[in-house]
Amino acid sequence: MSLDVTNLKKVFVVGLFRRKEIQAVDNVSFNVKPGKFVSLVGESGSGKTTTAKMILRLLRPTSGSVIFDGKNVWDLKRINELRWYWKNVHAIFQDPYASYNPLHKIDRILYQALALIANQNTEGDSVVKKALTEVGLRSNDVLGKYPHELSGGQRQRIMVARCFIIKPKLILADEPISMIDASTRASVLQLFSKLKEEYKTSVIFITHDLGLAYYISDEIMIMHNGKIVEKGSPEEVMDNPQDPYTKRLREDVPLMYSKWIGF
Amino acid sequence: MVPPIIKDLFKIKKFDISLALFVGIMLTGVFGSILYNVNPLAAVGPPEQPPSDRFPLGTNSWGRDNLALLLSGIESSIYIGLTAALISIAIGVTIGVISGFKSGLTDSSLMLVTDVVLVLPSILIMMLIAAYLKERNPFFVSIIIGLTSWPWVARAVRSQMMSLKTREFMYMSRMAGLRDMRIIVEDLLPNMMSYVFMAFVLLMSGAMIAEAGLSMIGLGVTKGTSLGIILYWAQILEAVRRGLWWWFIPPGVCLVALATSLLLLSTALDEYFSPRLKGG
Amino acid sequence: MNTLALGLKEVERVTLLKAEGVKAYYSIRQGYVKAVDGLDLVIDKGITLGVAGESGCGKSTLMNALMMNVKLPLHLIEGTIALDGEVISKMDRSMLKKKIWGVQASMVPQSALNALMPTKRIMDFVRDVIKHHLNVTDSEIVSMAKKRFEELNLRVEALDLYPHELSGGMKQRAVIAVSTLLNPKLLIVDEPTSALDVSTQKQVLKMLMELKTTGITESIIFVTHDIAVLRQIADYIVIMYAGKIVESGSTEDILHDPKHPYTYCLINAVVTPEPEVRKRGLTSIPGEPPDLINPPGGCRFHPRCVKAMDECGSVEPVLAKFRGNRLVACHLFK
């Protein structure tokens, strides 16, 4: 699998009379190889979520291209082409509550994913059960329940279970652990590692948390004002940052093993 | 067996009272006409009689039984209210859903149509259509009212659609490869049902009042009767000035009670649903 | 009841806030949510105390109780709270408004940023605070505000702006500045920087430290789930779980030598961009957060504790002195 993002741009136009242009994503280029964890790190407003939506083919870029396995994603128009794409590139979003339709049981999130894989209804139940086991949940505990009846951690795990059903080559995880309790975060992160080990899944982590990015990524990309200002391995970015924004970020992140100077 | 939402709704006093009032009057009309077996449009006694044992609400200027007229009028007004509301809801929701979901050119053109209908003075339109149709049965009157009352529903439904469209669960359904129609039916409409229901109740209330309005200017039903028609004749034949209260007070009270009970019902629903919509 | 005393050396210890046996419950249809369930706390002057725990542990409720900001459905079931020697748990609301809130103690709650009236300028908030307590002319109020803003390195122009015209960080700093205009001895801030980016967060934290160095306020209680922040600014840390304090001690001790199993997991679940974190790995805690209507019997953490022993399910551990000024509530350390 290969993902090539080239010169991606997104301009939002706001206002009725005085049209103002907001350059949300400004000439972003990068690529992702199989089985690699890449983090797109930036504060809110840096353009990282917009970039993610464009890669997921949920938002149309103003210019630039997203090429997956040699195909330009915006050339894919028919429903079976789109299904092929989303079987290979999938997403896990930040808010484990908003990702579910509150009026449906959580089963739907899992069963609707079966449409993307070859064997459907006959073995559907066992596929779903197996996926839930992979993420450490028991079917009896979660199937048949509504989203509000489960905890944030459980909901997020079910989202990951969906990925265990689909087994995409690439996952875009938008702040996958920021809205769940600290005590369950590590176990959800481990699930991503499991996907990587078992299926060589690549993950693009979208996050503001430099610590998370440092811990889990093979490569970090720092985004600021719609541009990628720094690219490199976690050690390179933290030990030898080139860009002033990265340097400032590194200085301002609260650390556990050293104290800020002059505080 | 009963969905919890229904149980919860019945716990609200406002809901119970307003629903009881509306259903009470409606059933009086429906069963009353059957039990009180008098032809409302036939002359059955001397004209302009005050209430008596034989004619509990007296008679009107043509010797028709006022009580029979009232019961038939209740049925008719509710029928018109219901039908007009159904027509408006159907048009409003369809346009709102398509407009909100599709956006772009489709959205702009649909909203243009909506705005035009919104801005047109509905009374004049209704008058024009009504005057053109010499024979107006209750169904036609419903259509007239239904075709002019939907714009606000379309706009409101469209806003809801637009805000729901960017919720993450929408993305999850899209990425599961579901077709648009399925996403609309399975994901979006259920989340709007509470609003649609409220809009329906409000439309019904408005339609009954609109019917009375049309009737008061002589453009109501020509076949049968309705609360508005009764009031129209009462006014034309100076029943008000002459103090023939048994003619116009009962239908007036019933009309107000029906419309108000529906309005109350819609506020009860609003109170119940709003915190939920926000809480999520 | 073992009081938790945090502070300076024995001879210099001056207590600012003393809370004993605090029980604060929320009344709901199904019963009581025992958000804070029997807790003692002592804070000395000159200290920054960090209160850490995950969502639902009761830390925000505790702050409301300490400030005596107890509005239905929150009830202060039991407990005595004394601020600088004065018992405030017996005061009624109007007394608290007049003598305590803003004057002796101030709290900036979690959603303070969103609670600002959008039609009032910052200067109007200043007026609200000062007029309630002092009898001074408007020009005196304005000069007080300007002086304080300059003292804290805040743009004086911000006083004439509306809340929506300020950035998140500036808003937060303005709110803190206005809350401390009358130099309250105690300042409580509840998750003041969670919604801010790291650089803005550092600015706000810097300002909080300045409040102490300039003497505007004496002690600060900083409530957060972000332990790395506490590492940078707190002298002492209190760890809460299911309405109880499970451990407390100096920041150094808590972070580098956690004793209570929950504390240990919490510290090792923190992820910062440091090679030590990579080496150490991340811990997670099995199970689900506790039900506060019917909390587990005995030690509240026992269903999720890898070191749980037999008595943990039936006997509640007491928050007892471990070593020096460390307190731990765990049967492992009796």
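Descriptive notes on the structure:
Going in written order, the chains are labelled A, B and C, and every chain counts its residues from 1.
Criterion: contacts are C-beta pairs under 8 Å (C-beta built on N, C-alpha and C of every residue); 3 or more make two chains touch, one makes a residue touch a chain.
Predicted model only: the values in this text are computed from it and were never measured.
Across every pairing of chains, the maximum count of C-beta contacts belongs to A-C. Closest to the middle of the protein, by Cα centroid, lies chain A. Chain centres here are Cα averages; for subunit A and subunit C they lie 33 Å apart.
If each chain is reduced to the centroid of its CA atoms, subunit B and subunit C end up 55 Å from each other.
Distance between subunit A and subunit B, defined via averaged C-alpha coordinates, is recorded as 48 Å.
Residues of subunit A touching subunit C in their complex: 43-44, 151, 153-154, 181-187, 189-190, 208-215, 234-235, 238, 248-250, 252-260, 263. Taken together, the subunit C residues at the contact with subunit A in this complex read 54-55, 197-199, 201-202, 205-206, 209, 225-229, 231-233, 255, 265-266, 269-278, 281-285, 288-289.
Residues 56, 58, 79, 82-83, 86-87, 90-91, 93-95, 97-104, 109, 112-113, 115-116 of subunit A touch subunit B in their complex. The touching residues of subunit B, when paired with subunit A in their complex, are 167-169, 171-179, 186-187, 190-191, 280.
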